[in-house]
């Protein structure tokens, strides 16, 4: 585990990703969150600056408050429903995406490409895969129907020129291909890693580095990426994780289930 | 599933019409209920991931040596490994398949799928739900706005139909209704007729019950019909969809049952450890010790251990302590 | 109100219809019942010979037991839910018809024709009606999707050659026209009046008198009908209302809300 | 409803995206809530016939002199008469319209429709429900197997589309999604954010809430968010669909509210008697005395009478005495 020490504090890569990703949310938003880092990041945002943020879980939950130390093993167990506003069938919580009630989908990723397409299904060809991955779950639905934030480790084997299989559509082949192929709404908005925050060019839809985490260079990001990254005109540097944020993350996940 | 992708309407109607849908008692044992499933049936499984999985019923079907099932579920966890490894089913239709995110990718699933020994047909989670919902509504398809543009739709091209809205001209995807031969559902309580009340997370259980030709219900407890009638707006599954009611305490162990018990993590960790070093040997050992070995479901629970069960129950009830 | 006195007992036309209609049901059936006579008839059957009969109401009710003296004003009030097995959204109880769970739809009728089509929408042309009737409610859904029993008064103005408007489809234009026009299931099965019980010819789908109530002649039925009726090869006579049946009807509807 | 029969998807998405969907308090008065409805809006009404009709809100809209609404409802009762007679709406989209079967055909409805003063567009009950459901699901139509072959479908020919199933080739009817501008719903309890819990009969309220651009909620009482969170599986309408929460005891009088009060039959009989002899004069008199006359909703209830309300309440609670 890489450890950064830009201020007086030490933190893990996962903690860094969770904190940086959480800061991308806005108060009042409705966030469809996956388990793990996305859940931690959304809960962090809720506690620190976004009290009116609403979290949705695929298992059929609206507006829960996760109990520190009792993180759920997936978004389909009773721990996800603690102090929720509403519990409903999973099909119906997914339909909220289709109806347009969700501002941001927030998930982890195994493999991503230049246009923000995610693969969580197959390494190698689908009809004879080298590795059969677990599959889409709700990932395809979420990324087809709303704006997306993806949180993942920045590794060359994960940031590839072209994913083997588009499980969760980003901008497909770039430009207006997403819309042309029948997806008029949503799209990949941000990718948050332990090195940087990335967006996508408004025209070509190629991945672009927007901000570097403290102590990270653009070259370092490029070296850990399997395709040529765009660089924002004004590349900024993120504010280091604050003590309050780290304390909260550790209160939520004291066993380091998701932040080891 | 044998036959066409979508059953024609008159066949569906005949299947339901042929069943005795009167208000009658249907209480039976796990062994008796297993006789209601035929080799080759399409069996839908309720719950999701580690929640309200009808584990005792699946366990009973494996022991009854049923084979060749096609199994569908919203999200598939350890029960999928057991279905493949035991030969109970060779095809799983689902949106996700592995024990759970904290345990990594299932090596048992990988072995079967990568070696071509079994199939895992992937659909999006919402599409799974809408396939059951269409089946439950008595319509042959449902229009949907996901699985479009991506490879998830492309590899299902034989089973979906691109279509245009007859009103707006918009591009949509028609996903086919799914009407399983049998649904296996586990609930907190039901009466002897099969009226079932679900607490907490419902997942796709109601749509599955309505879509299936028949439902086998396992329940933590059987309550009186009078109790059901005192709160009819809590009933979620109507009795006439149900063919069997089996009282099975801890019937979704080692998975959770909302408000009753949390997942039995010790068991799940043990299974993960067994299959991590040797997927096929490990799952075989688990099947021998925990499925084929015990005399009955109580014997299985004894293997899990009383203290472990009590801990899971204490954690399960916490949801009502606030 | 016509009163018949074939045995020692006196009863109203509505009581006669309710009793005769109730006898057409079979134990274990699932019956989608309208308010009024259909509800009374189904409850009577449940009490007398069909304890496993299940009643459905359009308001979203499965398997209620109506409390004597507390008949509901429609199928959409809480009185319909007394001791029900299940309460569910009205769309979903109607979908049980489409899914095929209902054996018999059971309703009243304002106007019926030779082929069992019912009108409860317009007297006169639909674009300029002489009388705008209340409309279909669930009638169109029920009669499109399941076998039907209709209970109504036998009057010439109600039994017409052709209804002004087909609200609830019977056999449409007879023969296989119902199936040809897109309704492969269900159809009008029995019409019960204060004079007789009628069915429909298996081939032509024309209305046919199957049984006369005690003391009624075929000619009397024909005289009160606006088209030529078929006569069953073996025309039978119904058993008069029994004291037990009348007592139960009066216990259920002591205020004679629906049986005056 | 102005505009096309079915709103295109991007318009629907923009409408929802433009709303503040954060967890915020929305408690206001009937008068304030009335300002959220614009002349000409399509307003969907929850409940059914004599049940959970949002009467106080309709009453408030009439007093605010709103006009030109298109109104839709599963089944329309006395509120439809008041809507036509007051000029609040000139078109009602519904499956049935009259006070109730025991009072015969509405003479006020007949007068307006037969004289061409207003429209009553008839759809089957299930089609109404599926139109809202499609709207709530974010799809532009729903396939259905009724309204086929009959005149109910024929007179709606411009608004429905015959279609063939892309899988089975079966003949189906596509009914258009209905996405009302505003939904008026009355519930037993809700919190200040708009999380609503419904007891007993639900009718089409959940689908209507999801289909509408925004919901105005009247509620017998406002409870704490903590109380809602103690039983989240009883919440039926999520807060983010809601724009206004108005606490109105007896808010569906003279209709019933499940478990709270039965219909106020004395009032309904009085209205029926008034309109039997002179439909137009009678409904005008009723509007003057019971809608325009009272100072506020409490004034209206005073006109109904305390003893009458207590009787209706006693009868309403009976459902929980068994």
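Lettered A, B, C and D in written order, each chain numbered from 1.
Keep this in mind: contacts are C-beta pairs under 8 Å (C-beta built on N, C-alpha and C of every residue); 3 or more make two chains touch, one makes a residue touch a chain.
What you see is a predicted model; the values in this text were computed from it and never measured.
**Q** Return the chains shared as contacts by chain C and chain D, ordered by label.
**A** B
**Q** Could you state the distance in Å from the CA-based centre of chain A to that of chain D?
**A** For chain A versus chain D, the centre distance works out to 41 Å.
**Q** Can you compute the centre-to-centre distance for chain A and chain B, using the mean CA position of each chain? Integer Å is fine.
**A** Spacing between the chain centres: roughly 29 Å.
**Q** Using mean C-alpha positions as chain centres, tell me how far chain A is from chain C in Å, no decimals.
**A** Taking the average C-alpha coordinate of chain A and of chain C, the gap between them is 59 Å.
**Q** Mind pulling the chain D residues that touch 2 or more other chains?
**A** 9, 138-139, 144-145, 200-202, 229, 233, 322
**Q** Which positions in chain A are in touch with at least two other chains?
**A** Answer for chain A, listing residues that touch two or more other chains: 61, 81, 83, 87-88, 95, 98.
**Q** By the document's touch rule, what are all the touching chain pairs in this structure?
**A** A-B, A-D, B-C, B-D, C-D
**Q** Name, in rising order, each residue of chain C that touches chain D in their complex.
**A** 35-36, 58-61, 73-74, 76-83, 87-91, 94-95, 97-98, 117, 121, 126, 129-141, 144-145, 165-169, 172, 178, 181-183, 257
**Q** In the complex of these two chains, what residues of chain B are touching chain C?
**A** Residue list for chain B touching chain C: 9-10, 12-13, 15-17, 20-24, 136-139, 193, 195, 210, 225, 228-229, 232-233, 235-236, 238-241.
**Q** Would you pull the chain C residues touching chain B in the complex into a rising list?
**A** Interface residues on chain C, with respect to chain B: 27-30, 51-54, 61-64, 81, 83-88, 95, 98-101, 103, 184-185.
**Q** Would you pull the chain B residues touching chain A in the complex into a rising list?
**A** So the residues of chain B in touch with chain A come to 48-51, 74-75, 94-98, 100-102, 105-106, 109-110, 113-114, 120, 122-127, 129-130, 132-133, 144-152, 155, 162, 171, 173, 200-207, 256, 258-259, 262-263, 265, 316, 319, 322.
**Q** What part of chain B is in contact with chain D in the complex they form?
**A** Residues in contact with chain D: 4-6, 8-9, 138-145, 161, 163, 165-168, 170, 172, 174, 176-177, 199-202, 229-230, 233, 322.
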